[in-house]
Amino acid sequence: MIAQAILDPIIDRALAEDLGGGDLTSELTVDADTRARAVAVARTDLIACGGFVFARVFERIDPSVRVVLHEAEGTRVESGRELWSVQGAARSLLAGERTALNFAQRMSGVATHARAYVDALPRGSSTIVTDTRKTTPGLRVLERYAVRTGGAHSHRDNLGSAVLIKDNHIVAAGDIRKAVERARKGAPHTSRIEVEVENLDELDVALEAKADIILLDNFALDELREAVRRASGRALLEASGGITLESIAKVAATGVQVISVGALTHSAPAADIALDLDLIS
Amino acid sequence: MIAQAILDPIIDRALAEDLGGGDLTSELTVDADTRARAVAVARTDLIACGGFVFARVFERIDPSVRVVLHEAEGTRVESGRELWSVQGAARSLLAGERTALNFAQRMSGVATHARAYVDALPRGSSTIVTDTRKTTPGLRVLERYAVRTGGAHSHRDNLGSAVLIKDNHIVAAGDIRKAVERARKGAPHTSRIEVEVENLDELDVALEAKADIILLDNFALDELREAVRRASGRALLEASGGITLESIAKVAATGVQVISVGALTHSAPAADIALDLDLIS
Amino acid sequence: MIAQAILDPIIDRALAEDLGGGDLTSELTVDADTRARAVAVARTDLIACGGFVFARVFERIDPSVRVVLHEAEGTRVESGRELWSVQGAARSLLAGERTALNFAQRMSGVATHARAYVDALPRGSSTIVTDTRKTTPGLRVLERYAVRTGGAHSHRDNLGSAVLIKDNHIVAAGDIRKAVERARKGAPHTSRIEVEVENLDELDVALEAKADIILLDNFALDELREAVRRASGRALLEASGGITLESIAKVAATGVQVISVGALTHSAPAADIALDLDLIS
Amino acid sequence: MIAQAILDPIIDRALAEDLGGGDLTSELTVDADTRARAVAVARTDLIACGGFVFARVFERIDPSVRVVLHEAEGTRVESGRELWSVQGAARSLLAGERTALNFAQRMSGVATHARAYVDALPRGSSTIVTDTRKTTPGLRVLERYAVRTGGAHSHRDNLGSAVLIKDNHIVAAGDIRKAVERARKGAPHTSRIEVEVENLDELDVALEAKADIILLDNFALDELREAVRRASGRALLEASGGITLESIAKVAATGVQVISVGALTHSAPAADIALDLDLIS
Amino acid sequence: MIAQAILDPIIDRALAEDLGGGDLTSELTVDADTRARAVAVARTDLIACGGFVFARVFERIDPSVRVVLHEAEGTRVESGRELWSVQGAARSLLAGERTALNFAQRMSGVATHARAYVDALPRGSSTIVTDTRKTTPGLRVLERYAVRTGGAHSHRDNLGSAVLIKDNHIVAAGDIRKAVERARKGAPHTSRIEVEVENLDELDVALEAKADIILLDNFALDELREAVRRASGRALLEASGGITLESIAKVAATGVQVISVGALTHSAPAADIALDLDLIS
Amino acid sequence: MIAQAILDPIIDRALAEDLGGGDLTSELTVDADTRARAVAVARTDLIACGGFVFARVFERIDPSVRVVLHEAEGTRVESGRELWSVQGAARSLLAGERTALNFAQRMSGVATHARAYVDALPRGSSTIVTDTRKTTPGLRVLERYAVRTGGAHSHRDNLGSAVLIKDNHIVAAGDIRKAVERARKGAPHTSRIEVEVENLDELDVALEAKADIILLDNFALDELREAVRRASGRALLEASGGITLESIAKVAATGVQVISVGALTHSAPAADIALDLDLIS
């Protein structure tokens, strides 16, 4: 899912944080030849996400462990179900427990949060929900993956992927129209040109400048409806700013094509997952 | 506060994620010689945390920027106040905006969350609130710092810092008493020996084994009170497991010395901080 | 131009290759307190590119050197002109000479090559020339920058930036139409959908599938003209495949909007730049 | 051939550039369980080089792929022949295609270029052709390997491997004789002492100073002949400076023992290699 | 024993130092298909330590080698005995020989040195011997492991693991009592509070301040005895400062509970281990 | 002396080991605005080495510190003298103390050890003393520098720098003569060809094969004298194997040109250096 060359440095850094000085407790209290099986169990209903990261954490501690992924990525799992299990030296399982869960709880938390937003859309809506660049530093590739695993969409990956002219760019550029035109002229032809607007007047300017996508920042519902009317298909409209599980259905009903939600990644609560260990005789 | 040698790799990785392919939008829409000042502004009441990280993000993009930290770390700041400002090439400020805010929002979020827990303790309580190892992979040093900035305490740093015998260790070791004794025999003498217990019977075993600290996992309030009575100072008692802003005062009132709260780091909502940019003529 | 956090690891790795075991010759033959000035001089006509990399190489050896950039990035410079100069301990200049030149010769070489392609377009042509992902492993950000410095455009940065369905994707997906539709449904809304076609029949399929951009792979000139006629503005057309300085004008004259040229980066000859050193008394 | 510990960081950085944000196209258009075989095919006559790098690129994406190297390193391969093949999940093959080819095209390009120089030597000549330190930053170990695979020789690896006193060292040291003597006195005894000279007078000085190797920079053919006569075996002579495929035979015929050619690495055109993918049922 | 994610970067850096430019000698003198078996043999009596590092060095060069560990970690091995063996391509064994031995000689050297200190304690003594933070930069995790393998104990891992107030802290804090109190108030509850004292008067202050551990720096034997008398169990006493194999028994006999010895790591002589290679037909 | 790009990663890794979890003690016991000056003082007679590393450790913690190097590298310093001093925030000095000293004690230890060997040579001897590749993994560049600072010489840097055919190579190659010839044919012309021999018969073979350098492994004094006689200048002779401060003068008197001593780096005792801290008012 994510190339091992991309995943390994992320995992290795996390293990360095926790295991750089060894694992005092396991080495002192558990014999080297004690073998065990540990199962990750959902403690709430959740969307399973991050099984391959869970697996790789233990493999990067001890390549001789064996992992089984019982639930596929993106599956809705009820509280109490086994997600993934790992078998091997008890010390290796204990050493990786917290790091593996820290990843899995975050990834499943984001996927579950994303699914909740998607499920809150009106039935049959063609509006898509996307993440933003408000991701945890160092974990963007995992969090964007979790967003998609939850059923939402990814926005652009980073500052080099596509053009999005935000409020501060407009301040620095001096003018929406000029900014859009300069961007169109120089941007990779693979990138659409998106511009953020604060009100309907700016929307008109952006439409005239032929922006491909217009981000409507903190528009009220009636403003969103008017924006949809004015754009009438000439540009994709993206609503953003404080949209919640409670408000998303109404926002989608205005007809905007995209709703971006920073909270998908910056404020998703961790999913509750426990690791239950049993000895193998 | 945090050594530059420790901080730089964390920041550089975050910038690599976002800026590895350059910043299309700023390069296309803003002139290279446009200069600006950008101010980080609190959008909610919060505990300021991460100013030095905010500063270093911009310096690692462009060493010629100048940063001013208006609010000291740990200060309670009201919504609308200026936290920190940075001045330099507009392109450099725009390139760093999102990464700087991602760090600052997370760190201030954790600090604010920690402060809330500390403030929820009964007035005059000597109970301390601590974090756990449920930190974001790759950001532990920043999150533990944020916890302390918020007024809470740090638990052990990692698996090599101190001994904490948890439920799964006991399964693998076979026996609380044996685990405690083996740990005491081999652990660094600088480390206290902590053991997790599930009920009052196990507490008695742990007390007999002369554990220095006993972690009471998911004890009800009356069990906590009974535990305090039984321990009567022979061991530090740490309560843990699902303790919330609502319940913490009652837990503290039982007399436990330590309350550890995973949510301080794994589920702190991001603090809302905006970056307002103005041109400098 | 390129964030220091992005640039430093690239430079440090290059220095590790060359200086990891020290610089025997300079340490043995030059006194530590000998000071000098070294000037990078163009030995052929070229487009100046990479001055800031040249500077940073010496700074990463010895922060006390001082660099002056005489020629701005993208300037057309005649053979014999001074590009950039650096002053400091002679040992530091000698230690960095080869690495600094290796970067500068490659970057100026790519910029010069790109400029040649752009200059070969018919006067007044609106066709743009772009690079491809055929960049030197580890140096993509520098080479894409050099392409733009030379006056050409960047194609998508990487596999996560935008969708480009190539011949092998179509084999694996089974069908152009299905591939385009699946891509449109799931891609970030900031990305246009581009598909590669091998002939005019596939072009028709791609147009019907409403691809935003169609890459015409190795089309003959009359096929390109026919493709432009059939597309008639419904999709951007990108010509690619073995286009040379000799053929580019004719390709552009067919009316395609984009010409992508792998040779911009994979086969640009190094620009000839020498470093002349003089002692400072 | 090259230790995995040396190779992996080079490959991982290249994959980070291209795959750091995932592979949008493959994930969107190809099913996870589609399996395929991809074959690297020579599109021109070339010297096969880099098969083990090609293999490792795919393994670092997905350890479950299987690679077969049909042509041994250094083999002369005709256009149309299969070089190497890889089998596994189609998504993994598509994700690695460009990076694997970027390495292989560069390495085979350098090997092919080196072979052309070696083949251009007079039949039976004992003169050797070597590379220089004008290698691509970050890829030196691969390019030097490719030079040797093509049949040419490696010059010193880096500034810490051996002593080569160049023009700028002489400026800084003040004097050829002094520089050679200081070098001989302090250099590792495993290193010969080489010095660059600009004309026959300097050659005489270098011979008197008992340099082991004398680099004749940009000497005309008759000067080279005279240099060989004067040296008469007292020092190895190395000719350098703008030597081409056209001129190398004449240079070798002068009797110099070594010809070093920066163009082997800094200006080798990429070899043309394609990747053809077929589904496996 | 040590997680692979922790071990690999240490090994890879060591290999980069020695193999970054390839292995000239093996490539030139040994055929690629020559296979061999190499055995690490003790050349003095020693405590075996680092077998898994020895193994991993060769695997990081060439994953196809096979290693057998004949002697378990911590075993006392007589001169002449085989410790570990590795089998595979002769070139791979030769390329790894020096690096593998450099690690193994250092680790076995530290373990052997530690065992000597432990063996020098009076029979039946409950005093423990510990290392300090005077470890080789970059190798702490290996050296602390070697200390424990030799039968001694680890002191705190690093500055974030536990509190140790040393002489310079007291200068900066102004006062032993204040320093201890501030530390107790803020330190993780898992950490004991240790303070260094220079004489018996300071010891009294430290005891009154209720330090958990008191480091007696360079105390004479009679001072140590008096310290034990005064502490009478109220604090753990740690003796440190120039304690040798000759003096350790007398120091232990004073009744201190802990003796810390920097020389365990900073001045352990390398154990003499050779690698004997034989061809496999 | 050593390029910052080479030095910084070594220092940063050492600081990560010790400071990755912060510095509990300094943060708890010392106020943030306390300023101090710390002086490194020799506690034994030593050769000063590593002042620039000492400086850089503190700068990488806190760029605002100021360092003064009182004693030049390579100076013989008497016990009690101030070597280097650093001034700044007391917390920053305390955080760096141990790491800075660990480097400085090791580097000065190696330099002092090397000087002792050089001083033990007969007066006026032209024999040089060199290190070997038996360096501490990860610190080779620092230790080789320290060897030279002490007045000894560096042997080849690594496996890619020069050819040294050792006993195990000969086993694998089958034959001294063949190994030497193959090496000469393929080695960089900058490298001399060295071969290890075990006895006088092998010496004769090596001389006939025209090896440039012959390493005499564990030869008795009379064998060394005979070797010198037989070689009579046709090859450089290097004695190695267990040569001590006691025996080196006699070995040198046999007339060998080079004596290599692994103990220079693998068994140099750490130099005793203390850091004395005083407050600045």
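To keep things simple, chains are lettered A, B, C, D, E and F as they appear, and every chain counts its residues starting from 1.
Going forward, contacts are C-beta pairs under 8 Å (C-beta built on N, C-alpha and C of every residue); 3 or more make two chains touch, one makes a residue touch a chain.
Every value quoted in this text rests on a predicted model; they were computed, and no experiment measured them.
Undergrad: Just tell me the minimum hop count from chain A to chain D, counting one hop per pair of touching chains.
TA: Step count on the best path from chain A to chain D: 1.
Undergrad: So which chains are sitting against chain B and chain F at once?
TA: A, C, D, E
Undergrad: Measuring centre to centre with C-alpha atoms, which chain is farthest from chain C?
TA: E
Undergrad: Per the definition at the top, count C-beta pairs in contact and tell me whether C-D or B-D has more.
TA: So, comparing the two chain pairs, more contacts are at C-D.
Undergrad: State the superposition rotation angle between the two copies chain B and chain C, fitting on C-alpha atoms only and giving a multiple of 5 degrees from 0 to 180.
TA: 120
Undergrad: For the two copies chain E and chain B, is the contact made of the same residues on each side, with over half of the numbers shared, or of different residues?
TA: Copies use mostly the same positions to touch.
Undergrad: Quick one: chain E and chain F, Cα centre-to-centre, how many Å?
TA: Computed value for the inter-centroid distance: 21 Å.
Undergrad: Averaging over Cα atoms per chain, report the distance between chain C and chain E in Å.
TA: 50
Undergrad: Need the CA-centroid distance for the pair chain A / chain E, whole Å please.
TA: Result: the chain centres lie 43 Å from each other.
Undergrad: Quick check on chain E: which residues sit in contact with 2+ other chains?
TA: 11, 16-17, 19-22, 95, 140-141, 157-158, 160-164, 186, 188, 191
Undergrad: Going by the touch rule set out above, what shape does the chain contact graph take here: line, ring, star, complete or other?
TA: The chain contacts form a complete graph, every chain touching every other.
Undergrad: So in the complex, which bits of chain C are touching chain A?
TA: 128, 130, 148, 153-158, 160-164, 186, 188-192, 194, 213, 236, 238, 257-258
Undergrad: Please name which positions on chain F make contact with chain E in the complex.
TA: So the residues of chain F in touch with chain E come to 10-11, 13-14, 17-30, 34, 36, 38, 90-91, 93-95, 97-99, 101-103, 105-106, 133-141, 158-166, 168-169, 171-173, 178-179, 182-183, 185-188, 191, 266-267, 269-270, 275-279.
Undergrad: If we count contacts the way the header does, which residues on chain B are in touch with chain C in the complex?
TA: It comes out as residues 11-12, 15-16, 19-22, 60-63, 92, 95.
Undergrad: If we count contacts the way the header does, which residues on chain D are in touch with chain B in the complex?
TA: 16-17, 20
Undergrad: Under the touch definition given earlier, write down the residues of chain F that touch chain C in their complex.
TA: So the residues of chain F in touch with chain C come to 2-6, 8-9, 140-141, 144-145, 157-158, 161.
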